[in-house]
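Consider the two complexes below, in which chain A is the common component and chain B and chain C are the respective partners.
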Partner chain A sequence: MKIKKLAIVLMLPILLTGCWDNVDLTEINIVTAMGIDKAEDGKVIVTVQVVEPAALQSTSSGQGGGGSTQPKPVFVESYKGETISDALISMKSIVDKRLFLSTIQVLILGERFCKDGINEALDFLHRDYQSEYLTDVLVAKDVTPEQILKIQSDMEAIPAMYIKGTIENTAIRAKVKRTMLINLFKDIKNKCRQVTIGQITKVNEKTVKTEGTAVFRDGKLVGWLDQYQTRGYLFATDKVKSTIVNIPVTNGKMSIEVLNSSGKLDVEFKNGEPAKLSIQVNLEGNIVEYIGKETLDSPGDIYKLEKILSQEVKKEIVMALNKAQKDYSSDIFGFGTVVHKYHPHYWEKVMDEWNDVFSKLPAEIKVDAKIRRAGLIKSPMMKDE
Partner chain B sequence: MFRKIKRRLRVGSQQDNIDTIYTGIDEPLPRNIERVKERLNEIFSECSDYIQREIVCGEDGSVRILVSYIEGFVDKKILNQDVVRPILDYFSSAERQDKAKRVYQLIKECIISNNEVREVESLQQAVYKIVSGDAVLFVDGSKSALVVGVKAPQGRQVEEPDTEVSIRGPREGFVENLATNMVLIRKRIKTPNLKFEMMQLGIQTKTDVCICYIKGIANEEIVKEVRKRVKKIRGDAILDTGYIEQYITDNRLTLFPVVGNSEKCDKLVAKLLEGRVAILCDGTPYVITVPHLFIESIQTSDDYYDHAFFASFMRVLRFLALLISNLLPAMYVALVSFHHTVIPFKLIITLAASRQGIPFSPFVEAILMITAFELLREAGVRMPRPIGQALSIVGAIVLGEASVNAGIASNLMVIIVAITAICSFVVPPLIRATMLLRFAFLIAANFLGFLGISLVAVTVIIHLCRLRSFGIPYMAPLSPLTATDLKDSFIMVPIWAMITRPKILFQEDTRGTVGIKRQEVDKISED
Partner chain C sequence: MEKARISSLQLFLLITGFLFGSTLILNPATGAKNDGWLAILIGGAVGTLLLAAYASIALLNPSKTLVEILRDRFGKVIGNIIAILYIWYFIHLASLVFRNFGSFMLTTTYPKTPLEVIIAVFALVVMYAVNSGVEVVGRMSEILVPFVPVIAVIISLGILTVHDFTAFLPVLENGISPVIKASLNLLTFPFGETIVFLMIFPHLNKRENLKKVSTLSALSATGLFLFIFFRDITVLGSHLIYQATFVPHLTSVLIPGINLEPLFNVNLIIGGSIKVVICMYAAVNGLNQLIGANDYRKFTTAVATFCVVLSIWVYENIFEMFDWAENIWLYYSIPFQIVIPLMLLFLSLIKKGNPAHEKSIE
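And then the complex of A and B:
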């Protein structure tokens, strides 16, 4: 009995701890997107996009109807600080509630911020327990993150959700490299592969475009890949799930939907030194559209098309590889991983200069394309009689 | 402390007016009928329902018989037909000069045409028989009296119980009359091994209480234990099996029911056949069964009449409902007050929007709404039927629409309280335990979030695992794990695959809880 009473008394202090982090949902600002950029004076500018749930609710249920007086579902605020956390905390002097970061859907990095190097600068996001690792990261090209975050689309009430939607679309079609915060944290520390992040640009006041890829070298932004180079890069790194490849055929055009693709990287060694890079891509596709007059009846016809398709894909890969080797000298493909895995001793030596070694290596690219089906019809509808 | 109060109360009640109270001290039956009459009138003074009739017949009025009974309790028609008329006929038609002894024998063996005739030797027993509804015949000059069972059928008809409704299966429910209930059981188990051990409990009420079990199936140890505990009961009144339940329970301070009760005959019979012991009590349709285990709360008799697939699904669902009704409000409070990080993005916006403009914290809001609901429920139970509609309308408006429109509660809170309420009704035996635990979880959630909820949950689980019902671990067959008994737990196997009886009821009690508890009870009764 005495022990029981003692136990109860000893348990009581738990109640004394109170509820210090008991914060009601109405006392937080739900941040949907965050932008990080650098000012000319070297300070960090943090921009947040905060959602107003009540306004959102009234717009979605259509009760508003007031027209001009309708509250906006989100507001965007920026603040300058020495570090990200400094800016965020100082921002409390202009926003009314505590900023809640776990709901961040997209993180947009400014060009200047990236050029100065992101490796160390993103420490806060890694350290803070509120960070959501599945946040999509993008680099804004030619605009500041603030401008991007202020874009109010008609398609979605929350701009961040609109941006996220476009990334999902383009990532599936292999036009943008989708990088989440977790991938970024992994690659930042990884010398075998350089960081690449999707690119976002402003089209007009209501629209953004997520296409292309930002290429980094040692954590610093060095250049861009356009959408075709991005696709070549994604083909080589086995990231393509489905995409449409247009191929030129005699007297017409054809679109082929790639349904299956696998890419494999290899580095050939000779005398203990890397001699050649090799990329092997196998893909399968269906014909989805054909504007032309040739017949598609025989296996020979299809075989011819497969050849062209392989060439087309190979062209994109070559473009991407050239950019990476010649222009940026950055091993975004991850050939370093292969070297690290199969030639660890060599890797130890070359680790720090790998990008330079990589950019001087010749490459052999093999693409093996297969066309499986041609849809409901074989030859085109209009045929020469 | 309770013990002291109890003792004081008991002493107090016995002290007033000790002279006029019939104390029930054993006294022999006087041979003289006048003395008997005098004594009975004394005992039954101011009892307007007490009837006594004196029959004087024979040649010179030598045969004097006193018939005593309580009005309305006996069937007058049968009494006249079986007892009074035969006596009058016999002694008026034939001219007989019989000794008192002989008259008594004659009446007992030849004249009374009723099968249920017994003898009592003492006045105390005779009085007891009168007040329990028998007619008692006192014959002048005889040292014993005759008890004739002419009890009129009492109470309501056998009907379907309101509290336990089944979709499929027998609809007969127990009634207030003990004899009828015993027939209802006997009717379903046609074996002399079905035993009914009768005893009278309650100093004033002398209620018939009956321990029922099947010899050969029930664990003898448990039967012995039940007998022992029931016999220890001291109290003025036993009005319901609920009284007995409180006296015989293993742990008197637990929230969880360690004694089961039922109003359905088929359910009780099934429990007897599993080896449980039932206690019936005159005057109530509720029959209690021991040992009662946690798993029985989520079993229903319908489970066994339907396909095992559906039964298993329903049991999992019921367990889920039990968890929801305990935890849902607490989870909600923990989520919106502490753990915003685990809420999906779209949900957090919905949640925040519904919380917008609510002046109370989620905790206060939850307490308010749940209390309002409990009040509504209690009012619904206590209130006379005809006013019921008014209440449900007011309740629906206040708890639903109005509180949201007025900005006192959020939409989501209303939904949560509603779901909690629905779920709590799915497992009726645990409604009361759940009601209190819900508040405990809520308070813990408000202080420590999920950590608090887990603390309370762990405490409850430890308590459940320590709990015994007549020495049988309450959480059996889950803890301790009894593999063969899992056939009838969350997943139920079909009836044809249930080959063995529950083993757990025959398990050796390793921890000796029964022994310890008995010692305590013994001490109480010695006090």
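And then the complex of A and C:
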């Protein structure tokens, strides 16, 4: 009995060892951003941006002091392989420690990679248990992902965090489509809605710009939307949280801050065939800036402004819709979802040619804008009066 | 038989915990894509009836376990043979749950840990619970099972930002047959598996509550399945649901800013362990009664070891596991879950209607 008890006591420490797969923080490379591009020979180039926690501490605490050569807080390495996982594993020939992928903040796709199609190519990210499904995805325009990841920002020690920050504030400007990995996976095999991903460009060695949207058709990059078309697209798909819309007024300009917006898509059917696309957007805003001479004091003035605001927003939506229908023939809005949900029999017939059907349909766009408040002053400052 | 007694609440929690079990990771209803909710409704309704039928069998044969009922109704020889098959079925079921659990852990959390280690450690706890007896298991369920719905609600609240509430449309896009198939699957896994509770029912302290408790637990499990299904489909959409290996896990990793994945694992461990404990308890008790030994605990270690080995040996890869759960389990289970129980019910009703037999009991 005593031996049995002793044996149990001796076995207890086994439980204290923790996880089998436990890896110390000092033995992993924390990847903050990943870039995927395709080389001319069809191979995949994977770029990783890895943080050096030790160096990060010294840059934040001892800035300017010492004068000795500061180690860089991140390093960027690329490797070419047959597949993403092959490149990542083979990269160990130039990187010393295990690459830890769960911390990826942004994923940047190269233009060539996107043009060849992302549907199948992203399988690894979907399958790997380490992937973080909430990673932000961007498409690099005119530059390679590697060049984007090599920037050194003054605003953040880690470039990936800086890039992530610029995407997150799309909530207040609505000029870039925010796509996370999970959104991508949801839409990749979905015939009802085509994939769109935010666009990133390089300004100089220190800054990048996230503005605009990359448009895909059947998983292949077909074109871009500029910032205003992007906003029209976001208005229509109910993704605008807040933004500034500039409207022309007599002898001046005015900026309206949109605080609330909701967009609704519908497809009207006649005799079992789709007859018309309809987009209904309701929004509310405040006047935040007015450079002009007219006085603002009666409700009538506001009604006039509301009308102009509606037209302005409508113009952006029309631009985006035209681009999607005429230039790219790609249902990025997701009208297909409506057809699929409410007219499943028709959808079954038209599923594979939906993008072409979509491109030929006329559209009715209604924007109902309300201006609620005007800030701390009513009319603009004027000298005489 | 063990003299242990469990309360109605404990039985309710045991059955619901058992039904949640591995259904939380491997939900057969996803086979029907958008119409999974229909499959859950149909499967749940029929499953509730099935559970009520099991309860009636137990009520018609008061304070007898499945093995004893089988012997009474089919005669000693045939009854014993069927009892052996049932014991095999319970052991097989336990090892399948072991394997589901191990596969899940390996895929999502511990890719480098050997499957054997995870399952063996799990089995140690299960053995301890089985040896402690049904009273302890009942009390354990009182503490643990309430966590399951609470965690499901917590995870759902975390993803409230997504609001495509019409994601389950269109209804019956691919016709009724996938729905029927999925609901049949759901009926045999998990509802029909509650046949093992015929080994537990005699322990209930208030026998008159039996029917109420079992139907109520089947209904509440159906409710939770529906809730989880609607949550998953609004968050993921039907395309991703069909593609994902472990659907609710995928939902739980989508919550921004916080990792609730461990909560989900907790959920699974609670459901899975209750399921294995019940199966193993039923198996060792059945074996004990079959042989006429005096203590079922003598068999626990042997049966548990066998289960662990079987669970590792039973599938070559994860696709076999899914294939088995979706396509084969149904036909393998029907005799155990529907045919024999219905015969038992029928025979019991006949015996009850025969006054000569009543007299012989008195």
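Methods note: the second predicted complex is superposed on the first by the 356 of 385 C-alpha atoms of A that agree within 3 Å, B and C clash if a C-alpha of one lies under 4 Å from a C-alpha of the other, contacts with A are read in each partner's own complex, and residues count from 1 in each chain.
Please note the rule applied: a residue touches a chain if its C-beta (ideal position, glycine included) is under 8 Å from a C-beta of that chain, and two chains touch if they have at least 3 such contacts.
Just so you know, these numbers come straight off a predicted model, no measurement behind them.
Upon superposition of the two complexes on chain A, no clash is found between chain B and chain C, which fit side by side. In the superposed model, A:342 makes contact with chain C only, not with chain B. After overlaying the two complexes on the shared chain, residue contacts for A:359 are found with neither chain B nor chain C. In the superposed pair of complexes, A:105 makes contact with chain B only, with no contact to chain C.
With both structures placed on the common chain, the touch criterion links A:133 to chain C but leaves chain B unconnected. In the superposed model, A:186 lies in contact with chain C only, and not with chain B. A simple residue count on chain A separates chain B from chain C, and the partner touching more is B.
When the two complexes are laid over each other on chain A, the CA centres of chain B and chain C sit 50 degrees apart as seen from the CA centre of chain A, to the nearest 10.
Minimum Cα-Cα distance between chain B and chain C in the superposed model: 6 Å.
According to the touch criterion, the shared surface of chain A, contacted by chain B in one complex and chain C in the other, consists of residues 19, 21, 129.
Considering their complex, residues 14-15, 17-19, 21-26, 28, 30, 32, 51, 53-54, 56-57, 100, 102-103, 105, 129-130, 158 of chain A touch chain B.
If you check the complex, the residues on chain C that touch chain A are 107-113, 117, 166, 169-170, 173, 236-237, 239-240, 243, 250, 253-254, 256. For chain B in complex with chain A, the residues that touch the partner chain are 336-338, 340-341, 345, 348-358, 361-362, 446-449, 455.
Of all the residues in chain A, the ones that touch chain C in their complex are 19-21, 129, 132-134, 182, 185-186, 189-190, 340-342, 344, 347-348.
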